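As structure tokens, here come the structures.
Paired with chain B in one complex and with chain C in the other, chain A is shared by the two complexes that follow.
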Partner chain A sequence: MAKVNFETPAFRPYPLIPALQPDVMKGEGPFVAKPNMQEPLGYPGELLDNWQEVAIAKMGELLKKYRSFRVFLDACVKCGACTDKCHYLLGTADPKNMPVARQDLLRQVYRRYFTWGGKLFPNLVGAQDLTKEVLDDWYNYYHQCSQCRRCSVFCPYGIDTAEISMAAREIMDCVGKGQKYCNEIIGKVYKIGNNLGLPEPALRDTLAGLEEDIKLDTDVDVRLPLNEAGAEILVVTPSADFFAEPHIDGLVGYAKVFHQAGISWTLSSHASEAANFGMFIGSYDNMRRVALRIREAALDLKVKRIVFGECGHAWRVAYSFLNTLAGPFDFLDQRYPIPQHICEFTYDLIQRGALKLDKSANDHRRITFHDSCNVARASRMGNIPGGQFIIPRAIIKATCNYYYDMPADTIHDQTFCCGGGGGLLTDDLMELRVKGALPRMEALKQVVDNYGVTHMAAICAICKSQFTKVLPFYGFRLDQIVSVHQLVSDAIILK
Partner chain B sequence: MAIEVNGKTIETDEEGYLVNLADWNEDAAKILAAQDELELTESHWEVINFLREYYDEYQIAPAVRVLTKAIGKKLGPEKGNSKYLYELFPYGPAKQACRFAGLPKPTGCV
Partner chain C sequence: MTTLYAILLYVATLIFVLGLAYRIYEYASVPAPLKIPTMPAPLTRKGVVLRILGEVVLFQSLFRSNKWIWLFGMMFHLALWVVLLRHLRYFIEPVWTWVVLVQPLGKYASFVLFIGLVGLLIRRIVVERIRYISNPSDYLLLILLLVIGSSGAMMTFVKHTDIVQLKAFILSVMYLELFHWQPLPLDMPLLIHLAAVISLMIIFPFSKLLHAPGVFFSPTRNQVDNAREHRHVARWAIEKFETSST
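Entry: the complex of A and B
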């Protein structure tokens, strides 16, 4: 609630590895899902009596299903390259937030039940029985991982802690210990169509209000259509774009871009959510069920193209998995990327000179760009390597006169998580979120001090909400985070 | 968790939101606000009442933009902005005001 009982970490003069504080973040973890949040996802309502047996069986199943999971558990040589790469370790100093230690929570159990050494000589190989204490540690520390994959960039073996953390959450869901935040939200997607639980009439009312606002601002009739069959493009965007600030200004930006391009588009109330929290909980089945809604909407509305709005992990699901999850998309126009990112769409128009942009409209802002983890490290944009770094920056530079990058080891594929990704954007994890934001806030401070940066732009709903919340803890203003398409919206000259 | 309102026990969830929306009354709102060390003024009630009306119609809290616009129309443009709402509800108009209004917490990436 309103008051917090922790201290915001101080900016460090030099970003050194903090002195470790064992167990400082030990706790019960985030709120546990109630039976009515577990069951619609196909999980037991509460912790099973034989949870240990079920957990081990599930681990065995995942080891067979995902070769990568077994390789990641086997391959670590404890070289230490990952230890200081996690924003949660840097912000909390709890050694269990070292990626290798986080992996070891699962690895010790894997060794005990799935390797010869661990079965015969558990003490010699760091193997551990799956006890209630271990399960509690899993629940706590696998909900202190935002699955950002920064550590995997530095691991010489490419071990992906995110995949281990997803597997751990899937195992916990299957024994009846799911997380309230993620699971309640997935249930809302099934029931209503989006994470917010925003029903169609409310969505329609919100969109009509935005059309009114744009008309007032610009004197141009820009539409935000809903469920319009036969439109060329289906836009799938995070429901936060309909609700929160500064997200909604990004949505207005998309609408203006489509208007200017003269291409018909529509939103769908059935697929009124780009986010797919099925990925955060490592559940292929739930991820697929959420993704299929997009296919259904595309077929139903007879669109030719699908474009995704500003949402980090949605773009990972879309770019990397959508075709196998919900494909084949043979009914879409094959001349365009399937699916396409709104930034690719806008960038193409800018390249072709199809948008008239007045950069001076953003002269009151000096901008930096926060690379969102799932876009930076788990996907791409356009047809050039590193397009996911180049394209959003190119859009900003086409719409703003003043752009400055944060330090090189905090951007592109080395970007730091906002601190709230991976299913952790919940108030019961506020201490973790504030502390995990430290490295990003330090990088922002540098460009604020050195270049007078006033705003940070992002292309992820989670990042935007997280920064709105944590910026004030570090002495910034909550409205210093903006949507990339908000900058487009302010610079575009409509006709 | 629960709160006591005029001798009646009203159930809340872990985050202090009412479990049954029908349990809400003005005294409950005052007690929920007191938990956040806030005293509800006329300005707070204007927002809370709008939220409840909107919820009645749409089964969800309004977007922040919809809320600021409505407040601006009703109380003048100087109040139709999120800065004004954050002054009233420092933890964020969407979540904190919903809690006092007895509405469910907005979920998702917000």
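Entry: the complex of A and C
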């Protein structure tokens, strides 16, 4: 466990809403992007001299391009229903982490420059000039939002603070104040093809190593093909699946499932990354550019289907935006969903009885499932609303004998973020990540205490990495987080 | 006084109608470039209509999030509608039967409205989190509505106004009998009531009262969950990136 200079929040006996502690999370925010990380994305390298002017012009542009932004800034009645719904508010007690207060950081400026009320009576309606202090608050607090959309579930108008955060980050990028973590990663995707900067030879080695491991383990030749033109399915998966624990066990699971299904598949080095950090920075252009790699890879490799691995926001971009950004996909086999989630794929096989699973192989585990925000609240699986809750659980129940849900108000569309989503999975935000994990950790504690749960399964690369880091802060073991397809991998009986 | 109020009513109506129409036009003309319904979302248009109805009539999401705000909000809004319906009798002649029928019920709606508003105001003052996010305008709006409600209730229960005369005034304003308006009864509660309503109408298109049209335009609530089946692209995105089909 890393050495830190903050205190891990204590578990609360009851889920009380904390008393506010103004400015406890005030600060400089995460590391700022250097010029060489800004420029490849089309942003100025440093804070512009006329940043204020540019920021307001950009805000005006976004108001004309995004109905969400336009309506959300006007419609909020300050009813307060969202104020206790954000895991960062619950974990930090900083009032600016209340969703509406987070929106207000931008709304105050919107009102000042774009509404009559704010132009004529700024004090009355809480309008503010765009000063350096306001910009600093933006940078700090818009990087304390994991864009998890939990607030949007509870707002009577569906106001989604994630949309506001994305817009704010886009505005900040355009004036030259980008975040290092996100922008550096997007640069790597452009240059090398994935977030980790893992080049093709290294990737090939890794996959070969995995094939050997599986052979040793099971005595079966399961392949993990790379760049094999003519394969039926292109698999796009987060690059963490290639090296991080427990992600990699999930990747092995996908390979075994494809093997068992007898369908040819391939990974692509050009699109060796499912993640799309363009979404986190609210940039349509960058999100589109990152998404197009997948289209290109699918065309190059002449595949008929695209399947995505376990990754939350990647699945949001895939499910909700891919068709928009990189479609139409008329060259793919229209009989299958485009794109398809690996869980949908595995679930279909299970339904058809095409997988032989030995549940007792997971008997040393008692499992609960963490609904990842972007899967739960921003996408779907299967053909009925809420399939994204049913399918992963059905897979777990088909592979494990012991399954227990966390409390009802912390799962499904009310799920709590892991604390590290939305471009915050960086060490310079460790305090925020630990504190933001509190509500999820409390829910986990309940099933651990009540049902003896030993492991939490997830289908998101960010969640898995985040939990590996923060579980120890709350007295759990870092390996108590597992991939859903790791459970499949352990239960599957290969032929 | 009659002339002043008549002119103010015209001005306020104009601002209210044009302002609101412009806002609605604006909301309708700004595209939603991406599919962002809060999931799980309906798979069909019909489902979306039901979802929005649930939000507008029952405040479904609010019910899930906070029972107190829901209760007071519901009391206020429901009563507001009943009271508004009750007011129809001042504007139409002859009065429709069903408007007559809601009168006895409507009479007491003002109490419900009052309790709802006071509840919301108290929460705004007492609950630390809501106090933190409140601006002066948020309190003032509630107070303005309280003024409207209480001056109205005054006329119903305490100091009756000459309703026949009032109706004559309103109809003369409505039928544009310019500068030949019937005289307005000069009662204090009525003058206050009307002045407050006029203010509310003027404020409406420039304030958070835009939540009323806004709820219908919220992309997280009004989009169908069909991103994989139907390609959805905004015009600006097509123009910018020259993508071919929609």
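Note that the second predicted complex is superposed on the first by the 493 of 495 C-alpha atoms of A that agree within 3 Å, B and C clash if a C-alpha of one lies under 4 Å from a C-alpha of the other, contacts with A are read in each partner's own complex, and residues count from 1 in each chain.
The working rule: a contact is a pair of C-beta atoms (placed from the backbone, for glycine too) under 8 Å apart; a residue touches a chain by one contact, two chains touch by 3 or more.
As the structure is a computational prediction, the values presented were derived from the model and not from experiment.
Undergrad: Quick check on the superposition: with chain A as the shared anchor, is it clash or fit for chain B versus chain C?
TA: Overlaying the two structures gives chain B and chain C room side by side.
Undergrad: Should A:83 be classified as contacting the first partner (chain B), the second (chain C), both, or neither?
TA: So A:83 only meets chain C here.
Undergrad: Touching A:378 in the superposition: chain B (first), chain C (second), both, neither?
TA: It touches chain C, and chain B stays clear.
Undergrad: After the superposition, just quote the angle formed at chain A by chain B and chain C, using C-alpha centres and rounding to the nearest 10°.
TA: Value: 150 degrees, nearest 10.
Undergrad: After superposition on the shared chain, which partner residues are touched by A:386: those of chain B (first), chain C (second), both, or neither?
TA: In the superposition, A:386 touches chain C alone.
Undergrad: May I ask you to decide whether A:238 touches chain B, chain C, both, or neither, giving the answer as first, second, both or neither?
TA: First partner only.
Undergrad: Scan A:158 for contacts with chain B and chain C and give back first, second, both or neither.
TA: So A:158 only meets chain C here.
Undergrad: Scan A:430 for contacts with chain B and chain C and give back first, second, both or neither.
TA: Neither partner.
Undergrad: Chain A residues in contact: does chain B have more, or chain C?
TA: In the superposed model, C touches more residues of chain A.
Undergrad: By the touch definition at the top of the document, which applies to A:101: first (chain B), second (chain C), both, or neither?
TA: In the superposition, A:101 contacts chain C only.
Undergrad: Is A:205 touching anything from chain B or chain C once the two structures are fitted on A? First, second, both or neither.
TA: Only chain B is touched by A:205; chain C is not.
Undergrad: With both complexes placed on chain A, how many Å separate the closest C-alpha atoms of chain B and chain C?
TA: 23
Undergrad: Taking the two structures together, which residues of chain A meet both chain B and chain C?
TA: Looking at chain A, the two contact sets are disjoint.
Undergrad: What residues on chain A touch chain C, complex-wise?
TA: Against chain C, the touching part of chain A is residues 17, 19-20, 63-68, 70-72, 74-85, 95, 98, 100-101, 104, 115-117, 121, 123-126, 149, 152-160, 163, 284, 288, 319-321, 323-324, 327-328, 337-339, 376-380, 384-386, 388-389, 413.
Undergrad: What residues of chain B sit close enough to touch chain A in their complex?
TA: That would be residues 14-16, 35-38, 57-60, 62-66, 69, 82, 86, 90-92, 94-96, 104, 106-110 of chain B.
Undergrad: Quick check on the complex: what are the chain C residues that touch chain A?
TA: 23, 26-27, 30-36, 38-43, 55, 59, 61-62, 64-66, 69, 73, 123-124, 127-130, 132-138, 140, 206-208, 210-211, 214-215, 217-221, 225, 227-228, 230-234, 236-237, 241, 245
Undergrad: So in the complex, the part of chain A that touches chain B is made up of which residues?
TA: 1-3, 31, 180-181, 184-185, 188, 194-199, 201-202, 205-206, 209-210, 213, 238-240, 242-245, 248, 273, 275, 311, 425, 427-428, 461-462, 464-465, 469, 478-479
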